[in-house]
Amino acid sequence: MSESGAGTGAASHGRAAAVLAAARPAAPWRLGAGFLLPFALVVAVFFLIPAVLTVILSLTDVSVATGLRDFRWVGLENYRRILTDPVAGLVLRNTLLYVGATLTLFNVGLALVLALATAFLPQRWGGFFRAVWLLPRITPSVVYVLMWKYFAAEPPYGVINQVLAALGLPAGGNWLYEHPWPMVIAINGFVGASMGMIIFSAAIQAIPREQLIAAQVDGAGTWALVRRVVLPQLRWPALFVAAYQTLSLLASYEYILLATDGGPGFYTTEVWALYAFHTALSNYFGNAQYGLGAALATVLVVIGLVASVLYLRFFNFRQLTQRPRIEVS
Amino acid sequence: MLGSLSETQRPARWAWLLLVPVTLPVLLLYAWLLVASWSDGMEGFRPLGFTLENWSFLWQPDPFGPNIAQLTLNTLLFAVLVAVGEVLLASTAAYALARLSVPGRRLWLAMLIVLHAFPGITLLVALFLLLRQLGLYDTLAGVVLAKIALELPFHVWVLKGFYDQVSWDHEMAALLDGASRLTTWWRVVLPIIRPGLMASAVFAFLSGWSEFLLPYVLAPGADVQTLPVYLGSLLSQADVARYGTVTAVAVFYMIPVMLVYLFLQRYLMVLYTGGVKR
Amino acid sequence: MRIRLDGVTKRFGAVTAVDGLTLELEPGRLVALLGPSGCGKSTTLYMLAGVLRPTAGDIYFDDVRVNDVPPQRRNVGMVFQSYALYPHMTVFENIAFPLRMQRLPEGEIRRRVHEMAELVRVEALLDRRPEQLSGGQQQRVALARALVKRPALLLLDEPLSNLDAQLRQAMRAEIRRIQRELGVTAVLVTHDQTEAMTIADWVVVMNAGRCVAQGTPYELYQTPPNRFTASFIGHPPMNWLQGRVSGTRLQVDGLPVYLPLPAAARDDEVAIGIRPHHVQLVAPGRGHLDGRVTMIELLGHEKLVTVEAGRSVASMPGGAGDGAAGLRLQALVPADAAVVEGEAVGVRLPVSRLHLFRLSDGSRVALPGAAARRPVAGPVAAAPGDAVADEPAEESAGTAG
Amino acid sequence: GGQGSQAPAGDQEAGGAGSSGGEQGVQTVTLRAMTIGKPTEHWRFDNLKEAVERLNQKLEQEGANVRVQLEGTHEDRPWDEYKQRFILAAEAGKAPDIILSGHEDVAPWAAAGHIIPLDEYVKDSPVYQDVFPTLWESVTLDGKIWGIPQDTEARPLYFWKSHLKQLGWTDEQIAQLPERIEKGEFTLDDLLDLAKQLQDRGIVPEGQGLWTRPQPGVDFYMFYLAYGGAMQDPETGKLVLDKQALLKEYQFFARARELGVLKPSLLGTDWSIWHRTVTSKQVGLWVGGSWQVAEWQDQYGLSDADVQDLGYALLPAGEKGQPGVTLSHPLVYMVTKYSQHPELAARLILEATNPEFNTRHAVESNHLAIMKSQLDQPAYKENRLLGDLAYMVEYAGFVPLHEQFGNYDQAIYRGLSAVVAGQMTPEQAVDTVVQQLQSQLRDEVIIR
Amino acid sequence: MRIRLDGVTKRFGAVTAVDGLTLELEPGRLVALLGPSGCGKSTTLYMLAGVLRPTAGDIYFDDVRVNDVPPQRRNVGMVFQSYALYPHMTVFENIAFPLRMQRLPEGEIRRRVHEMAELVRVEALLDRRPEQLSGGQQQRVALARALVKRPALLLLDEPLSNLDAQLRQAMRAEIRRIQRELGVTAVLVTHDQTEAMTIADWVVVMNAGRCVAQGTPYELYQTPPNRFTASFIGHPPMNWLQGRVSGTRLQVDGLPVYLPLPAAARDDEVAIGIRPHHVQLVAPGRGHLDGRVTMIELLGHEKLVTVEAGRSVASMPGGAGDGAAGLRLQALVPADAAVVEGEAVGVRLPVSRLHLFRLSDGSRVALPGAAARRPVAGPVAAAPGDAVADEPAEESAGTAG
């Protein structure tokens, strides 16, 4: 190919042709592969394989007592145990309540409100509020829950009751005991809101200014601007935050463990992940049953899977992942 | 930013009215924490007495406890490694998934979500089996890689969203200007999505900063015992916890993170626009 | 709506984009804002839209001061230079947006969007998203969006810059028609003078943030009030010479002759402008100066001939050395005129077509009778050439000195 | 051996013990240990450390050509993380030579093969005779000894003498209460009465007459035991649930709640608030741990006078004539299978197990003696509390050594929470617990 | 570089943007791509740039097939319709970027950037970021960026659309100069015909993704090969009539007369085009048809007069009903010609200025002698009107029927 180019063209043309010819049809996959490979490797090895392993382990009776060598295949025994467990239903209901309420009220709802409201403030104040909301996330969970416990505590320790009393309102007892669900949801929600807030804020920032101005000129007030121009462009972040947080919430138990430990009373705030922790993984007394834990986790994954598929449908995943527009490179 | 769209826009009073009440609880929580770290005990907001005792861990290291400075350094190292690793891998992968024609893009993205459904704690044993097999058990590298892997899906998704916002014309222009796709990514696309990178980095750093289970359990011998490990230990046997110290250590622990955030905040919210009609 | 700008200034940090602009726009008029790139046109529109707030000065809509009224309460329609379409909406939704903001019934919205889409010829694209449109298609959608709500004030920032001539003409007519029909005041920013001339009732010429001239298109074209306007308006742009006026005599630097003026003016140094289509090419030696054709550009049915007089002309007494050294003139002649590059030609400058501006401040030297409107007798289809034929009589060139 | 060992580094790590050249011909063996506890419990590690000298002296005397040195950590961690870490290290072959943990871990760890039986090292040692036999029981599984007790504690019933005085009790009556309980003259029902009186007289507020710990823990089994419950079948080693005893336990709590001496929100109260309430004499009677007294003094401003005012006893039995009960939870040293020098490890532990060392640990951290000879230690005798509590070891029961005890415990605790919160009647709660145990443990539990 | 497109097609899903385009671009030429909005011009450029890959067909650079050569190896400079300036870089860095990619020494980069910035007159803006620039300023920066690296192929997508006439002319000349100097092949997309005509060596007219005509600007203007080209090129656009050819006679629908043709053509239905500046306005009754002036638009030194013949003309035998019903013609006359709206005028259609296209396929009806190049005698400055004066002799109108 380069021969013909050099033969026919003038000297300079020949050179250009040679350059072009030397540029062998580029392998478009090369950069993609290079970019994906380290990532794929890390994820596959350190996440995918363990995930698959976990599913496999769920079919065994592996536990501390069996060690990681002497376990037996027990088929679906672990799943049978879950199915016959009289509290599984209750725990599942709790889980749905917990995930649903925390997600809608805080992780997506409040996050959006915060992102929007801070966007409407001067840069400096917006930053201030966002920083404040980031605090719960950077606070060690034990400390964070400790603060809540002090907030919820009965008089004279509890802050909420103290504030209520100062306002002349009737003070109650221990809020964690008397209103376990609102408290559990708030405790998780105040941490969860910051992620959505940051992501939504950045996404709002990315909308070209002129577009927003155009909307104002078109007659859009604040609300219309938000609803019709800003929110629709937050679809990807919203899908992402909703899906991701659903899964995070499904798998999370730490704050509940610390706050109510599933109580008060009979599994009142016990969620699936915490139940898994309690029945299979907590090592306080004796034997952690990894196999059963894996089975409980797998059930959680299945729930998460169903939720994800619904999300992807709902947000029109196909449309959100459009074809690249640069075709040669 | 939305507030200053049009210069004639009146300041958004509703935003204040909304933000102040919902933020108040958080402010109160942390005000309480601050006060508590300097007092003997608390009854509601009322300190029961001022004391420096809680902070004594700074100048009077617990002879049996770990060295705070060393822990802080370890934590920093771990968090930085994790943040750098995550942002690096995620920014490349997300670019490939968002902008390059790689086979199975959608599949990858969907898979990443599904993976996240596994609660971390249940993966511990499997992760252990793997690390042991790879000879990475009890190494800093092993823990960092494991941590990175567990969080990569998150960052890939976040960054993909940002890449999607970049105008194709910018990329095309750079290619035409003689930049390779790699250079284009590095010199043109990355700077444009800098807020996204920063957001990602903040999250990665924060999460690295507060991680303790992985290093503790998977690298028992390596020098990666971190501040949260210490903090956790203060509360381990909760019935004997020294809550005053806990609050003080917590405040101490959060200071650097706050600084990092405030530093990054400047970049976090500045997005480059203009230069293209869209 | 009557719009008044009173000493409006807009600064961005150290940059002054608009500088003490005072203007009054009559209701129902279509006003064109002309000016070089970066002179503050878009900034002015943004202030009218309420997006930018004047740093100083006031803006009145019908005598109401609107400095602080936000855009959404101004009932303004705007086409942005960058289109600013909503990327997440289809073309239909983009156009429908302003109507939805007015909470019109769905049927009404449909009807008006379709009507508008047809008008700007994007009816086949209603389901596409902006990213799937060509530049011109995007611009038309932006136009539709601005017009559909029948605003009280229409702001158009280069609304047609990406359209081909035909489409442009059609759109222009549509804009004009809609604007007339609705009786809205409209401000059009354009770099295209033809556009400005064709559809504007009033033209405002800006430079460096200030208004340097305003008037009807015809006035500004025929009797530009200052040198900037003269050089800015008219295409191809005027040729410029230097000279001096004394009484009724005009001495052009580099020309061996005096030109007689129809009326006396104050003695002064002047800049002399003449439009290319008033420059006549004649046989060498038969014009005011001789030169050589150095470039020919075809412009459809005419061509632009560049003649350099330069050194080929014998050095003249009284001629300023500079001007004489490289005199360069452009003439617009019919496309089929037989001129060839390199050919020697004579150039004639009809004195009635000359525009004189004082060198000191650029203001026009008013000469009664010069470049005034002349009735045309006989068959109406008098070609520009006719004027030339009429004029030699007026010119009695005398030898300079 | 020559100058320096030729053992490859990998071996050192894998074995958990390395050696380095010492004097000509003498090898130094490095043993590693993992211990857990609050800072006040540092002797768990430091006793081992100091025992190194003793051991080395003996080794020298014996003319052995090894010497020992110790590495390791004493950590203050949540138990589950600590154990998780050990287990994984063990699975990776990187376990230390010596691990300290609760005696209940003997069961799973022995089953998994992480630890080795110590009979051959222990049985001949004088230590074997000195340690209370009940404690050996707590580490005996399948007839073998798997660990060496490190400490133990009592979980007494606390009360304020001054409170009782306010009720009109004489000093003598007060002083006799522990004994009456021990002998079974004062039952749980009497306890309820007493709590009620304290409340009714306004000595303590409503709902604070009788408290237990606010979080899960072994304390609650004392009530079960008090009603004659059993937790393990001595023959099969299976867990046992005595429905009758459990019902009685639950009914007791239901009564307490109905009487208003135990507030329904007790379970879940934050520890620090619990401590503060207890130490401010706002609670009438409560079940706590012996080790807590030190902390009350240290953290919650409990004065010496208050300590003097503090009374303690066994938990009364459910029925008259039965002895009082208490539970303890001994911590034990175990030698791992991965130790290359199990004998040295065992000897080191035994060295560390001496009256002097254990006493200083007991005194500093408020734990009870594990050896008879400790009771004669001056330091031990000087400590009134420990002295007074010492007798309890003989009444102490233990939680069973069973792999599934965690699940067993969870079900029972949840049942109790349901009762305390008033969500279930005792009968319902027992039914639920039974169902759950059957589903979770199947034939690993015997329901009686 | 010689560029060849061979049957290049580009589809976006269901939309075919470019449809079997075959073209050959000579090295060193500046080729203008003209066509209505959405006809595939930008898409063609993108394929030349290597950003889009043809769905079918091949692209050759100097006989090397480059379908798969990535943009960065093509040495192409491009001005994007959307500018695509790097928002995070200053103007300086934007312009310097291509040079940095070539790893030139810093001093050299500085020098060339400043040189280029001066050329496009943004030297004062080098430290600003794109968002701080006006539209025209952005466009100039984009131009500078494309030119600075002296590419082998220059692609310009409406590079001047946001500039005012003067600047535009200057830029145009610069582009031309640089392009000539470097000898690069250049492809210019523009909607501005004057631009295309002025600087292009070769014009390609596209419609709906296909090339419908190509040639030198003059050829395409003078003898458009098909109806689409005729109507697209020339500004204001041609007037269109319908009629039929039989031998040497042309019957125009709606006209009461035959027009004699200079040569015989195959009998056919034809579309008849005539440019507005060839339409002559005469006294009523003295032209081929009579009508009324309905609109006058001023275009600088000329004005565009719209005449509606419509029903005022008596119904004619042989005239197609439709055409007769509302005949509408535009004439371009000098700005100072005395025409008033509402006035009755006569219209004359010089037959030598007519363009005939077969109705069936739009192809040109070639008539030797019609609209050919004519030498101009006497004074060179012959006005278009001259032609009219010459022509009445050629026209012998007969009564139709």
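Think of it as A, B, C, D and E in the order they're written, each chain with its own count starting at 1.
Methods note: contacts are C-beta pairs under 8 Å (C-beta built on N, C-alpha and C of every residue); 3 or more make two chains touch, one makes a residue touch a chain.
It should be emphasised that the depicted structure is a prediction, and the values quoted were computed from it without experimental measurement.
Most remote chain with respect to subunit C, judged by CA-atom centres, is D. When every pair of chains is scored by its C-beta contact pairs, the maximum goes to A-B. Taking each chain's centre as the mean of its CA atoms, D is the chain most distant from subunit E.
With centres set at the average Cα position, the gap from subunit B to subunit E is 58 Å.
Taking the mean of the C-alpha atoms as each chain's centre, subunit A and subunit D sit 40 Å apart.
Centre-to-centre spacing of subunit A and subunit B amounts to 13 Å, using the average Cα coordinate of each chain.
Listed for subunit E are residues 50-51, 70-72, 74-75, 81-82, 132-133, each touching two or more other chains.
In subunit D, 79, 81, 84, 91, 215, 276 are the positions where the chain touches two or more neighbouring chains simultaneously. Shared interface positions of subunit B, defined as residues touching 2 or more other chains, are 5-6, 9, 125, 172, 175, 181, 232, 243, 273, 276-278.
Within the complex, the subunit D residues that touch subunit A are 79-81, 83-84, 87, 91, 102, 104-105, 107-109, 111-114, 215-216, 263-265, 267-270, 273, 276, 399, 402-407, 409-410, 414-415, 417-418, 420-424, 429, 432, 435-436, 439-440. Interface residues of subunit E, counted against subunit B in their complex, comprise 46, 49-51, 70-72, 74-78, 80-89, 94, 97-98, 101-102, 129-133, 138, 145-146, 149, 155. The part of subunit B that touches subunit A in the complex is made up of residues 1-6, 9, 11-12, 14-16, 18-19, 22-23, 25-30, 32-33, 36, 42-46, 89-90, 92-93, 95-97, 99-103, 105-106, 108-110, 112-123, 125-127, 129-130, 134, 145-146, 148-150, 152-154, 156-158, 160-162, 164-165, 168, 171-172, 175, 181-182, 195-196, 199, 202-203, 206, 209-210, 228, 231-232, 235, 243, 246-247, 250, 253-254, 257-258, 261-262, 265, 268-271, 273, 278.
Within the complex formed with subunit E, the residues of subunit B that make contact are 167, 169-170, 172-181, 183-184, 187-188, 191-192, 194, 272-278. Chain contact summary for the complex, subunit E toward subunit C: residues 12, 15, 34-38, 41-42, 81-82, 132-137, 139-140, 157-158, 161-169, 191-194, 197-199, 217-218, 221-222, 231-237, 275, 277, 280-283, 286, 297-302, 304, 331, 333-339, 345, 348, 373-376, 379-388.
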